[in-house]
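Dropping the structures in below, format is structure tokens.
After this come two complexes, each holding chain A, first together with chain B and then together with chain C.
== the complex of A and B ==
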């Protein structure tokens, strides 16, 4: 007993803060300092060259409100996010339910559906740029016998981008849902079956409530990914046709590195940061409340 | 049993449809321009490997594979070392300051990198690290630390303190207790950290585009981007380049697929 009590006293000594010092230094240099400066630059007219810069108050945000391209990009970003979140998670859930069943090919199917996740989004976008070929004999048109200008028609292009994002990441949602499904105790299903519950009822009243943590994670991941979407748009359409697929990330990139408006670009980045932070907080708050444990 | 059989047929059909883009990618990369315009959907007849040879040289994929490997491996080593050490402190400390520091790290998961992109560019430029491996390694280590610290801290908190304590009673310092006793116990979460960060760093496009563009130290996605821009209408050539660029990570994925899928399912970020 004396040994255990002396050991307890011993464990009370925490490691020195020096353990965290190198990580903190790198983190402060690469993330914290630039982010804080970014907030400051958002209120200046800095051009990115030299030290010439003056504080312009909220002028960048005023410009933003009157900037059709940037305002349009906010709408596009939100539409893209809602579309990808809904479809990617819907498809991901169906795939998860499918490969969760005792199929002979389940291991292979999982690998197939997940594989695009590990490939660079830029490369996936280039592949899909061809799949979305306007030529009626090639790509998706050729396969489906359609004649759609998937990326060239301004009313279709945004949804085409959403389609390629869903294709690439549905497998990601799938594996998170699968992890959730594997955590649902078999006994609960058996008990519900004995009580006469059908497949749909068992899903609704047994599986679905217990999937809540997986739903939370999936919705957060896909929402944040959708809001920050850059690579796919940049590679497939570069925001076009016109400004039809411009997102917050492509606008802030162009404002900085094409037009040299660094101050304005960071103002757009700040808006994006606020969207991401707001969504994260709302999701954590509301989705945690409906989580139950098995 | 009949029900699973039907479901199996449906799922296989879905998988076949899902693979259509992959079929397009591979079959076009094996066709000459004539075949591509005549019969874009058919199987290559006869298949040719010419595109691969031309793409390998035209895209300069050799050097960018080396660059990607150097940047990814060095960043992973730094992330695992710095992240696990910091997490050991954050998971064991019981002061308010320690908790505040943990929250400060978590903030980095939510902040979009774009917010600090331009000041960071300026900073990296001042340090003379634009267009260098060191700049990229520093960047990825910083940007991925919050997530790495988050994963390690959660894992260490669930680990009994007695392991390290026993080593310390035997006279080991915190440093020895950590490196000899605790760190080896972290293997499962180190695997997750490794996989998620490796996929992110290897595939990242935005950062090397901004920080390495035109430097000769370009990583695979940037090289492929430049290559595609140059040969945009030669689909066979472009697709051979895409296949070559994707092969390393796909091979690693197939070799380690169980761990990769588990890592993604347990991690939080993509």
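== the complex of A and C ==
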């Protein structure tokens, strides 16, 4: 049987994007088009309702620079992101190493650790509001014998939300690390053992370098998730007490839907989107450089 | 099964065309709107009206929608309810996109993104001025109902802010009668504290709850001394700082300093506050009368609970109270069924329906006749409503930013993270935006 060269080329390269075309078309129509067309509003003073709208140039971006609330929320957003990225991935890695070991109950444990991921973030926040009950005899306080006002004390509330996010998404990081661990060839471990490497040395010199792609994905996804965190904050504290847990996402929500400043809110959203994109690109660029293959 | 797939005679081109077709079909389905608002059932044309409201409106609306459909079977009203935040998000999006429901919740006056003034200014509310009930709106309430002399919102009456108290707990603490001066109020709190209960339950984690104590006190500390304060503030001749707002905030914090609130008010929610008073763990909570049904539902017996005006002055004669028009509804100006929607509001404006709505939420009916009933719990407020009551403060604020700033600064004050001067400065800055 002979196959023409053009047909072979088609078979070798084209399907990867042609198969994706229908999905890409839908994505472009329902995500890209509205997002790009929404950018225009960032340069207007539209209230979100009615026809009155005038172009204000870059005024909204100038307002953002002088907006104490928005600038304060950037600090909160970065703190939340750093805390969740570090702890979520650390816990996720430990869980993955734990359930990768030859345990009888590892399938059950994997399901249990992953279960919170499938729950809606708003539901998780409501659930944790009960766990974070400030009453010393209830919830986490009752369990640990503490007197902490988890969501009401401005110096604690942000970290309480971080704890909630880690609880929900550590299982997600675990699954990605687990996939990475499954891809580490057993022969390399055996070779290292023959060379006299201990458990820690094998992790340091065999497992960790080969986990690099999983680390890249996990760090990128958790960073993006942290930077645009909204649901948990909105449902648990609504940015309070005061402005202690206000994030960029809650600020842009309030500007649009509570204060009726849709134009300004879109400007904040645009800055957030560009910031997330820039951080992700830089992160991926540096992390990909340390990836190796077995 | 896999063999079947391998043998299927579908070329790659056919497959891609098929997938593309499916995507287009799915998109077309997703983008399509319901073709008609008029459906045919049982041989008669039915007009469907859609209403979106807040949870507080469910009880009266369910009752009155049922009554309307009996009177007018050709109209079917589909109502949905959600908490204020969610309604605000979805409704503003629909209003912005031009597909608002025929009838929707509207907040009286100005001061919030879903308030009558803000939506009517955008030309999105139908004019209700020609309806008979609109002519009977008392003069003091007109700013809440009207913009430029035209009525855009229906509301069944007014609610008051005061102390919802547990009568059994007050009896046990030896409090014979509700306090009528600030000193008596402090003395009552002291008795409750000595009796081992929390004098005032405060659920300040729920943002709107934070404002109620200041709202209860400001009528006495600001408006009793200067009833024209709002006008002066709008004209730039008065500010929060340096006014009676300062006194109200100091009184608020005095209650905290004396240990009259529950521990950790910033971590306590409205629901927890309700349960503390209803269950007898706390003596009272400063609340709006519209939530009285929630407290009664949580109590062993509804009769355990009643209300009294919070006395914000040392002289009983100088005590004023906040009495605001309750959340109402309006008709979309650009809907497909404007006339039918207005007809439903006209129906709500009949005296018996005003009475029914007001009864369901323990409100004082907008207008009253012999069949009007007033919840016994709010009867002690009636002597004030004639000339010693002011609308809820936010209803006359010029933008939607002041109220959320008020919520936030109260939480900061309760947390000890701010001073009263800083708090009032932030509110003044928001007012001027």
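We adopt the following convention: the second predicted complex is superposed on the first by the 265 of 294 C-alpha atoms of A that agree within 3 Å, B and C clash if a C-alpha of one lies under 4 Å from a C-alpha of the other, contacts with A are read in each partner's own complex, and residues count from 1 in each chain.
To be clear about the criterion, a contact is a pair of C-beta atoms (placed from the backbone, for glycine too) under 8 Å apart; a residue touches a chain by one contact, two chains touch by 3 or more.
Predicted model, so just to flag it, every value in this text is computed and none were measured.
In the superposition on chain A, A:276 makes contact with chain B only, while chain C stays out of contact range.
Of the two partner chains, chain B is the only one touched by A:112; chain C is not. In the superposition on chain A, A:152 contacts chain C only, with no contact to chain B. When the shared chain is aligned, chain C comes close enough to touch A:254, but chain B does not.
In the superposition on chain A, A:241 makes contact with chain C only, while chain B stays out of contact range.
Applying the stated contact rule after C-alpha superposition, one finds that A:225 touches chain B and leaves chain C untouched.
Looking at the superposition, the partner that touches the larger set of chain A residues, chain B or chain C, turns out to be B. In the superposed model, A:167 lies in contact with chain B only, and not with chain C. Contact with neither chain B nor chain C is seen for A:82 once the two complexes are overlaid on the shared chain.
By the touch criterion stated above, A:33 is placed in contact with chain B alone, chain C being left untouched. Overlaid on A, the two complexes show chain B and chain C touching the same residues of chain A, namely 15, 19, 22-23, 26, 29-30, 48, 135, 234, 253, 256-257, 262. Interface of chain A with chain B (complex): residues 7, 10-11, 13-17, 19-20, 22-24, 26-27, 29-35, 37-39, 41, 48, 95, 98-99, 101-105, 109-115, 117-123, 126-128, 130-131, 135, 137-139, 142-143, 167, 169, 172, 175-176, 178-179, 217, 220-221, 225, 227-228, 230-231, 234-235, 249, 252-253, 256-257, 262, 265-266, 269-270, 272-273, 276-277, 280.
Those residues of chain B whose C-beta lies close enough to touch chain A in the complex are 4, 7-8, 10-12, 14-15, 18-21, 24-25, 28, 40-41, 78, 82-83, 85-86, 88-90, 92-95, 98, 101, 104-105, 108, 110-112, 114-120, 122-123, 138-139, 141-143, 145-146, 149, 161-162, 164-166, 168-169, 174, 178, 199, 202-203, 205-206, 210, 220-221, 224-225, 228, 235, 238-239, 242, 245-246, 249-250, 253-254, 257, 260-261, 264-266, 268-270.
Looking at the complex, you find that chain C touches chain A at residues 12, 16, 19-20, 22-23, 26-27, 30, 85, 88-89, 92-93, 95-96, 112-113, 118-119, 121-124, 204-205, 207, 263-269, 272, 399-401, 404, 407-409, 411-412, 414-415, 417-418.
Only residues 15, 18-19, 21-23, 25-26, 29-30, 47-52, 129, 132-135, 149-154, 234, 237-244, 253-254, 256-260, 262 of chain A touch chain C when the two sit together in their complex.
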